[in-house]
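Heads up, the next two complexes both have chain A, just with different partners, chain B and then chain C.
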Partner chain A sequence: MFQNLLNGLAIGSVYAIFALGYTLVFSILRVINFAHGAVFTVGAYLTYVLTGSSFGFNGLLRGQSLPFGLPFPVALLLGAVLAGLVGVVIERLAFAPLRRRGADTLLTLVSSLGVAVALVNILQYLVGAEPYRYPSTALGALPTAINFGSAAAPVPIRTVQIVIFAVSMVIVALLTYFIRGTRTGKALRAVSEDATTAQLLGIDTDRLILYSFFLSGFLGAVAGSLVGLSVSVAGPYFGLAFGLKGLAVIVLGGLGDIPGAVVAGLLIGLAEAFVPGQYVAYRDAVAFVVLFGVLLVRPQGLLGRAQVQKV
Partner chain B sequence: MEALLGALNPYGFLIVSCVLAALLALSLYLPLMAGQLSLASPGFYAFGGYVAAVLSTRVFPPESGEPFSVGLLLAEMAVAGLLSALLAVLIGLPVLRLQGIYLALATIAFVEILRVLSLNLAITGGAVGIFGIPQPFGTQLSYLWVAGPLFVATCAFVYRLEKVRVGRAFTAIREDELAAASMGIVTTRSKLLAFTLGGSLAGIVGALAAHFINTWNARQGTFDASILYLAFVLIGGSRTWLGPVVGGLVLTAVPELLRGSAEVGALPAWLGDFLQDGRLIIFGVLLAVGCVFFPQGLITPELLARLSRGRGPRAEIAVEEAPPPAAVGSAPTGTGAGRDGP
Partner chain C sequence: MRRGTVGICLLLAALLAACGAPSPTDSAAGGSEDATEAATSEEATSEEASEEGSDAGESESTAELSGEPIPLGVAVAQTGNVALLGQEQVIGAEIAEAFFNERGGVNGRPIDVLLQDTAGDEAGASNAFNTLINQNEVVGIVGPTLSQQAFAASPIADRAGVPVLGPSNTAAGIPEIGDYVARVSAPVSVVAPNAVEVALEQDPEIESVSVAFAQNDAFSTSETGTFQETVTELGLTLNPVQTFQTTDTDFTSQASTIISQNPQLVIISGLAADGGNLVRQLRELGYTGLIIGGNGLNTANVFTVCGLLCDGVIIAQAYSPELDSDINAEFVEAYTAGQDRNPPQFSAQAFAGVQVFVEALIAVDDEQGLDSLELPALRTALNEAILAGEYDTPLGQISFTEEGEVNQEQFYVAQIEMEDEQTGSFTFVR
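Moving on, here comes the complex of A and B:
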């Protein structure tokens, strides 16, 4: 019970920070960045290579590794920063040209899908499709499990889960402070409220869009590395599958709704963790049933208000 | 004729695959005609395939050693088409109230739910799937006897659909749903019809493909497939039926042909390797580049009009030149939309 709860919170908090990446970009551009799942994967691989681990036997980079290895927390941060820059490049290549032309948002969606497909397959071309595991020393001297019960009735919890939950919550707190408490965060909110007016008031919209893509890539990469730490980096495609679940999270939370994304991430994580044992094979369907149901019943999301479309 | 068939035989798999790809692109194009970006096609494709696979391996398997009857194959395709249409109505009624990105997301959820179900249900063979699906033909090229007529009939159907009242109502909804509704088009009914036609076609193709591929499992209908069909439609051109057809045929054939030309030494080996292993990289880049530089796709109604003006008599131009998109939804052409109707 307690184990389920903590497992659910751990995976749910990763869903939350991943979905925050989606939602940041959506709140500003009103477009879903389908390349987010690919950036998640890129981040996981960057962290892997920065820890000094070597690649397998299948890709173009077979057997290669960096001449140095960073400790896991540093690799995670640096990998996330690099993935953030990948996000910025994606913005410049796939979003900016269409935005300048005032193209249909569905077209932008498709071009981001194209970038996602290309990125994932470049990864596969470079490093092969096999799963990678982070070095077992990633968490340093921490024990692999902590007993939360008594010696007679042990309730072991994997330390990884606690670390993931803690790291995610710290990131959510920092992001909340950034958006609520800083000038840039205020400007971001202004742009998401009304981009034209914000621009008229002297806010550099273009620069803020770059910031949001950087942050989004950063968050995606942290989520990717944390999932990699908990299970493994299960090949280039694992981010796309995760990305689809992330869609369920942002829709449940309400598209573009930042607190909503956090609540929805935790809820879906918990819902998956509490799937009864005999139906465990259907666990992957939970997020999509939620996505389908929410779209039909409450498309504005959990915390949202219904919007009347003006004509 | 015999010699020609013999020469084509090694390419049987490729030729039939191209035709099936073009049909699947059309199945995505149909809802798009009415402006509905639905990614549900792979779901119906997988569903139709399972219908055919279950019927032919469990319900009426052929005597051992006997080939599967072509009549039964056609019957299976009809059943798969009908059941897919039914499923499409059931899914479409609630889902088509959603617009734009929300519809795309709901159809993604539908495809994924079907995939998880087919991975776990006993009747679909779980993760292994259904294999040893009986073969009605001796060679893969022979599947063209069924796929070819289906392809021609579908093209003729969609071509005609673009000219008649029902199809023009689709176009009107795509250009401006509100204006279409105010002209008296029952938008819900039109959207549901477009969605159902697409789903039914994907189901029929799935039934044929299940026999053609010989095994059927949960990898047949996935999100990747959605993207692939979407690439066919958008790169080919999403405003005339010829776009998805050309997109499906060409984008399936070109990678294989390039690979073949690398094998006989016309291209350097590393390039050949890249064209084979990096095919999806190229697709992804094409999709993104296409959106930026050719938002209309390669084949547009304007291009077709220009081509036909080059050779056809003057009288035909008036027919070929579609009214500019913006004018379709406006009042004066409203009566025009009904002109071709029954």
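Moving on, here comes the complex of A and C:
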């Protein structure tokens, strides 16, 4: 029971910070950035490279590594910053040109989907399809598992899951402070409320859009690296499943709603963790069953506000 | 405005070029380009290797070959979640192409291995087969990577009368797909039980066995059936079976349940990333007994997933780099010239697949003359020649039953031995 609870919270907290990346962009642009799953993967690879690890047998960069290796926490932060910059580039290439032309949001959505496919294929071309694992020293001297039970009735919890939960919660707290307590955060909220009015009031919306893409990329990369730390970077495609799960989370939480994304992430993680053993292979379906059930009762999501139709 | 339009067009063009999902048209172009590039680089490697042995090797072989190249299709997963295995097969097939062309091809005519990406699903495999058959007009196909894909794509070749050799399809029922479908990969029912026997040799106290398998993969489902039958036949206790998906990454639930079953042996049928992760999470949660990995874990790519925790995993093998034969020594030499490790089973099987085609083509040429046959007749004659022949391959001596099932004499069992977090090797224990 305790084991399932912590498993659920660990994976749920990663869903939450991953989905926050979607939420930030959606709240500003009202568009789902489908490239977010690919940025999640890119971030995980960037962290891997920065730890000084080398690439495997396939791909253009086979056998290559940086001449230096950073400790995992530093590599995670730097990798996330670089992935944030990738997010900015994506905005400039795939979103900004369409936005300036006033293109339909569907076009922007397809454009971001295209970027996702391109990024994943470029990754495979560069580093091959093999899985990569962060150095075992990533967590320093911490043991691989901690026994929360007794010697006779052990309840082992993998240390990495406790670390993931803790880091994710710190990130959520920092992001909440940034959005609610800083000038830029308030400006972001103003733009998400009404971009035109915010612009008339002198807020530089273009700059804030870049900020939101940077933050979104940063959060995606942190999620990707934390998942990679737990289960290895399982190849260029490993962000795709998270991409879909993240969509379920933001819809469940209420599109564009930050606390909603956190609650929904944890809820889906817990729901998956409590799937009975014999049905555990079907747990991916659980996220969407939960989503379906909630949407029947609350179409605006758990914490989202109902849209009022103004005639 | 115009700049924006041009930008979007460029982006879309780049996406189409980069996209791994093969539509018949784009995969034909992309695939053959890849093939040419890859073949060029691999030939360069092989040339370097042969230069060490013979200075004149390359110039001689170029002079010997003449006539139109014979197109042979190789349809394996170069992208997608099984690209790990497919990439190893590509290397094996390209080595075979360079190797046999250097030795005169098919009585002086070169073979041209056309790679076509199947990605990791059934639709991709069907597209790749259709392209190879209808556009590239190949004489035969080595592929696809997964049994699951073979059940979808191989019937297409069978209906078109194009011989297919499965390089790594080990599920039950593959040769039965049709008259034109055979395989060089021995079925799991023959290979897998060897691993259980070795586990019992290492720990005669084994009584309780837990089994986990990827339920969304036909091969893993077939393989676990064999493992479970073997466990039951040996009178061991089979605990309630655990399932997962090949796309899963978090196995905490399965690992916790397995540990609570208190087994002395765990048998995992999955692919490298998921299977390796399950091994890792089992060990991290404190499981200390023996682990058997299925054929999907039979790749060096698993080392990077479970690192030092891979140590000791037992895996049945249809190939050993240590097999003492001339063709295997040459294959290992060619492989290690380009790769910093011994060849894995998937590369050896792909090599053997191409080899069987080349030798069967030579047999057809000797008997009837390739030029005298129209393509449909050539394909039929080739299929008959494949099934009638005996081949000395890196896998050992192989032949085929009338149905297309491979007869292979030797099987092996290896145990993973890790040197550090990233590198390890398969140490043969049988």
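Methods note: the second predicted complex is superposed on the first by the 298 of 311 C-alpha atoms of A that agree within 3 Å, B and C clash if a C-alpha of one lies under 4 Å from a C-alpha of the other, contacts with A are read in each partner's own complex, and residues count from 1 in each chain.
Note that a residue touches a chain if its C-beta (ideal position, glycine included) is under 8 Å from a C-beta of that chain, and two chains touch if they have at least 3 such contacts.
The structure displayed is predicted, hence computed values, not measured ones.
Visitor: Sharing chain A, do chain B and chain C clash or fit in the superposition?
Guide: Once chain A is superposed (C-alpha atoms), there is a clash between chain B and chain C.
Visitor: Touching A:Asn4, do we find chain B (first), chain C (second), both, or neither?
Guide: second
Visitor: Just chain B (first), just chain C (second), both, or neither: which does A:Ile122 touch?
Guide: So A:Ile122 meets both chain B and chain C here.
Visitor: Mind working out whether A:Ala234 is in touch with chain B, chain C, both or neither, as first, second, both or neither?
Guide: second
Visitor: A:Leu291 contacts which: chain B (first), chain C (second), both, neither?
Guide: A:Leu291: touches chain B, not chain C.
Visitor: What is the contact status of A:Val251 with respect to chain B (first) and chain C (second): first, second, both, or neither?
Guide: First partner only.
Visitor: I'd like to know which partner A:Ala94 touches here: chain B for first, chain C for second, both or neither.
Guide: both
Visitor: Have a look and say if chain B or chain C is in touch with more residues of chain A.
Guide: C
Visitor: Give one of first, second, both or neither to describe whether A:Thr205 is in contact with chain B, with chain C, with both, or with none.
Guide: After superposition on chain A, A:Thr205 lies in contact with neither partner.
Visitor: First (chain B), second (chain C), both or neither: which does A:Ser111 touch?
Guide: It touches chain B and chain C both.
Visitor: For A:Glu130 in the superposed arrangement: first (chain B), second (chain C), both or neither?
Guide: The answer is second: A:Glu130 touches chain C but not chain B.
Visitor: Could you tell me which of 57-65, 111-119 or 147-155 in chain C overlaps chain B after superposing the two complexes on chain A?
Guide: 147-155
Visitor: Which chain A residues come up in both lists, the one for chain B and the one for chain C?
Guide: 93-94, 97-98, 111, 114-115, 117-118, 120-122, 125, 281, 284
Visitor: In their complex, what parts of chain B are in touch with chain A?
Guide: Touch list, chain B to chain A: 37, 94-95, 97-98, 100-102, 104-106, 108-110, 112-113, 116-117, 119-120, 178, 223-224, 227, 230-231, 234, 274, 277-278, 280-281, 283-292, 295.
Visitor: Please give the residue numbers of chain A that touch chain B in the complex, ascending.
Guide: Answer in residue numbers: 32, 93-94, 97-98, 103-122, 125, 240, 244, 247-248, 251, 281-282, 284-285, 288-289, 291-292, 295-296, 299, 311.
Visitor: Can you name the residues of chain C that touch chain A in the complex?
Guide: 1, 4, 7-8, 11-12, 14-15, 18-20, 79-81, 83-84, 87, 215-216, 240, 242-245, 247-254, 256-257, 259, 272-274, 276-277, 280-281, 283-286, 300-301, 304-308, 339-341, 421-422
Visitor: How about chain A: which of its residues touch chain C in the complex?
Guide: So the residues of chain A in touch with chain C come to 3-4, 7, 11, 53-54, 56-58, 63, 93-94, 97-98, 100-101, 111, 114-115, 117-118, 120-122, 124-125, 128-133, 135-136, 144-145, 154, 156, 158, 161, 227, 230-232, 234-235, 237-238, 241, 273, 275, 277-278, 280-281, 283-284.
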